[in-house]
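Here it is, the structure in full.
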Amino acid sequence: MTTMGTTDESLRQDLARRGVHVTSLESLYNWGRAHSLWPLQFGLACCAIEMIAATMARHDLARFGAEVFRPSPRQADLMIVAGTVTKKMAPMVVRLYNQMANPKYVIAMGACAISGGPFREGYNVLRGIDRYLPVDLYIPGCPPRPEALLHGVIRLQELIRGEKLSGPGRSRAADPAVPGEYPIPNYGPAGLRPPFNPDLWQPPSDPDAAPDDGSDAVTPRETTA
Amino acid sequence: MRKLKQLPGVGLLKGMLVTGRNFFGSYRNPRRLVTVSYPEQRLLLPESSRNFPFLVYDGNDSVEGLRCVACKTCERECPSGAIRIVQARDENGRPAKHPERFEIGIDACMGCQICAEVCPFDAIKMDSDYEHAATGRTRPMVHNKLRLAKSNTYYHRIKPREAAEVDARLEMERFRKEEARRKREEAARMKKEAAAKAAAAKPEAPENS
Amino acid sequence: MTDPDRLLSLLEAGLPGSAGRVRRWTNPGPSGQDALLVDPDAALEVALFLRDHPELQLDYCSNVTGVDWLPREVTESVTTTETVGGETKEVTKKVTRTEPGYLEAVYHLYSVALRHGPVILRLRAAGREAPAPLPSLTPVWRSAEFQEREIFDLYGISFSGHPDLRRLLLWDEFEGHPMRKDYVAPDEDGLPAIETAAAKGEANR
Amino acid sequence: MNLTRAAPWPAGTAPFADPGETELLELSLGPQHPSTHGVFRMNALLDGETVVRLQPVFGYLHRNHEQLAERMSYLASMPFTDRLDYFCSLTNNWAYALTVEKLAGLEVPERAEYLRVILAELTRLQNHTVFLGFLLGDMGAWGSVLMYGFRQRDAVLDLFEALTGSRMMCDYLRFGGCRCDLPPGWAAAARLVVDSYPGFLDEMEQLLTENEILRARTMGIGGVEAKRLVNAGVSGPLLRAAGLSHDLRKVDRYGIYDRFSFRIPLGEKGDVYDRLMIRLLEMRESLNILDSALRDLPEGPVINPQAKLRNFRPPAGEAYGRIESPKGELGFYLISDQSPQPYRYRVRPPSLINLTLLEEMCVGAKIADVMVILGSIDIVLGEVDR
């Protein structure tokens, strides 16, 4: 089994067609994890309602094995930060993350969780949960449709299936150098102290710079002439 | 309603009946069979459905054909401050009527469609595409000009009724403008002719005197 | 029934001496919602009177809110008589003076029993300095309890007689009153990260 | 042998200390708790399981809505009102539009008034529908009722999306009317939804009203007499459950509500059971209103042609407007100084003020009932903290 990582892909597919399924321990493990994501039952604002809608009959998150919403962080392995994280709430969110067992994943759902969204100019709104927590997936939208959350969960499952458990580039949970807990910010006289976790996030050096200088490489100019 | 005149437990049974009807009904009754298996099946979104804005371009070139003239109305009116426009300048340094940079941060956009509502040129419209989940925050969450530009054909495909209205309106405007230009030219020509006639009738022009 | 003039005459009849302490405030806009400007010392008395008067029965305090009025420059023309060289004439001058700012609490009252309203009370604090005191109307209308706490939190009006005056929305360590017009939230991104729990080597849980 | 009462412990062998010597227990519920409906927190002081004191703690979703609104144009605040009570964006829109129209003296065309009534009543329907689900979830029936509610709610949200473009954040009303006219076929689709609702309500009533467990959990819990509710500013279904006929649709007759005939359901005791029933009955009345509004919907423009979209500057002055939102009395207070931004923008949140008497409702009840009482108040944190 340990050599399966080096088995070439075409041979594996060929065998699968003949009814012989060969897999590595790693991908079997990841396959199991990806299809039994237990999210933390934890909603902050508007996006939480769309998150609930995604678990309901029409969209049925259970089809992806992610319907077991656990009220206790100890039993959860996916935190969907759904809604505005205020400065008053942020320490609790970090504490909940710390209490979750490894391996754990964070989805920032909605504009507010990603960047503070439309409320980011305010005195009590955290400009993105990625200042304190390592976010695995961002789902923009205000709020994202339930399908967008499903799309995000599918993306996350792909990410988990592609994770390595050993060697360089291994997943965060398997890397002993990566902490499983992050410091909890404190209430200060005008906001949180520290305002961000410098290990996870740094303020952009030039906020006015074009965020996307190599943009042409991403989307080519369309000409059909 | 507050006093029950029945055996205890009957109310519970009635409730169970409802649950049972829902349970078994969800196998055959189309009213209770509502699940849409998302990646394979998709809900048919109504035409007005909106998520994030995009820029419309006419013709074949996604840069030259942009309807946007960089008037910055949407940038000023955007409630979440998600739009950033830098106006282009021509070779003489004068402001040109197209955007040099047009960026919409979809990490802050709340899809309220006010930009589309206030745009005087029908250049910015709302897309209904919602699959934007990404692992990064800076690059995938800021849509630049090239990513925002979508053809009028695309607009017609997602919103046929609205796009047809917009096209008719733009055509009308173009026609009116053309008409006005023609009239102006006509008037100028008439004036010129009248002046020429007057000059012919009065050969002793002032410069001679 | 809620015409301010009628209210004023009822007040004068029921509470002698209130004429000088309750004045009419005219709304310049088209909504026609005029208010009563109540002297803070008389506020509790007036509120009780309005609530219990059988003809008014303003038993429902719908909305309580604070307003921050910044100091503003007022330019007005003043006409004075001056004597210049034995000749008396009228001189009109433009005078600019600074009106001091103040904090205001606004109460919107309705009557559920008689179905009329709104009657609007405005209470003005003396200035904008930190403990801007005003009497609390929570003993009269319990609905003011959270709303006065919110005003205390966001505007810094301290309501005397409030049963539980604490910050409502922000945490206790917060300094300043962010709904004031001159509040500027410090830009935190430029700050160096100091006093992190990580720096002290403890991850509290 | 009497099974319901255990025989007393023999003297000197009681395993627990004397009940008189129990210690009071402080318990913090929330801000992360499955039944606090968001990030709400309560600090409870318990004597055994009985609540002695209970203090709500707010602010975990304080998003500076009012401050942001004072820094942006009147129009730009409209999408932010969607996010106050995120179940009822259209009634929030209406309350705000109504106040600005008072402030600026704008008239609304008749068709727009009808559309507003239709949308507000649909909003009330879907709000009360999910309310049932969440309240039952608080009682432990997590799942089925909520799922039935969301299934029915999706039908209404599809209507909202077809008209306004978004399921939850509609941003549809404009000062002086509505943003756009109905798309083709919308009225027929709405008629279908309205016609399917009584069947759903029948089912819900069969499921809930006679259920013995539900009755045991809800009857006689959380009741406060109407007079004190009025003094505490409580409004909406809570007030009507206590037997007081106070509905702004009848009291203020804003919009065109005087054209519709509907009844106001009233409760007897104001306990959780009454609050639940009031919502069920209110949905029936909303259906009546919808029925006649869809029938009488006139033709015409949907927005006042004098209304300006950009550079909107109302004359100096102030206005307070309120409507009967599904949660209670939703008010807006605006002061204009003729600039494009409001000088003061205030939301009178029914969810926050309805919580004023939460402690009185809960003291003496068991800790498990606190969640039920809180659920029956029907709060949304976006509106409580703003």
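Going in written order, the chains are labelled A, B, C and D, and every chain counts its residues from 1.
By our rule, contacts are C-beta pairs under 8 Å (C-beta built on N, C-alpha and C of every residue); 3 or more make two chains touch, one makes a residue touch a chain.
Note that this is a predicted model, so its numbers are computed, not measured.
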{"item": "Leading chain pair when contacts are tallied as C-beta pairs", "value": "A-B"}
{"item": "For chain A paired with chain B, centre-to-centre distance based on mean C-alpha positions, whole Å", "value": "30"}
{"item": "Chain centre separation in whole Å, for chain C relative to chain A (CA means)", "value": "46"}
{"item": "Chain centre separation (chain B, chain C; CA means) in Å", "value": "44"}
{"item": "For chain A, residues contacting two or more additional chains", "value": "57-58, 88, 118, 121-124, 142, 145"}
{"item": "Residues of chain B touching at least two other chains", "value": "34, 79, 110-111"}
{"item": "Shared-contact residues (touching 2 or more other chains) in chain C", "value": "169-171, 178"}
{"item": "All touching chain pairs, where touch follows the definition stated at the start", "value": "A-B, A-C, A-D, B-D, C-D"}
{"item": "Chain C partner contacts - residues on chain A that touch it in the complex", "value": "88, 95, 98-99, 122-124, 179, 181-199, 203"}
{"item": "Chain D to chain A touching residues, read off their complex", "value": "31-34, 38-39, 59-65, 67-68, 71, 79-80, 83, 86-87, 146-147, 150-151, 154, 167-169, 381-382, 385"}
{"item": "Residues of chain D touching chain C in the complex", "value": "58-59, 62, 64, 66-67, 102-105, 228, 230-234, 244, 246, 251, 314-320, 322, 329, 331, 333, 335-336, 343-344, 346, 348, 352-353, 355-357, 385"}
{"item": "Residue ranges of chain B in contact with chain A within the complex", "value": "26, 34-39, 42-43, 51-52, 60-63, 79-82, 101, 103, 105-111, 130-142, 144-147, 149, 151"}
{"item": "Contact footprint of chain D on chain C as seen in their complex", "value": "27-31, 33, 59-63, 65, 67, 106, 108, 112, 115, 118, 120, 141-147, 167-171, 178-179"}
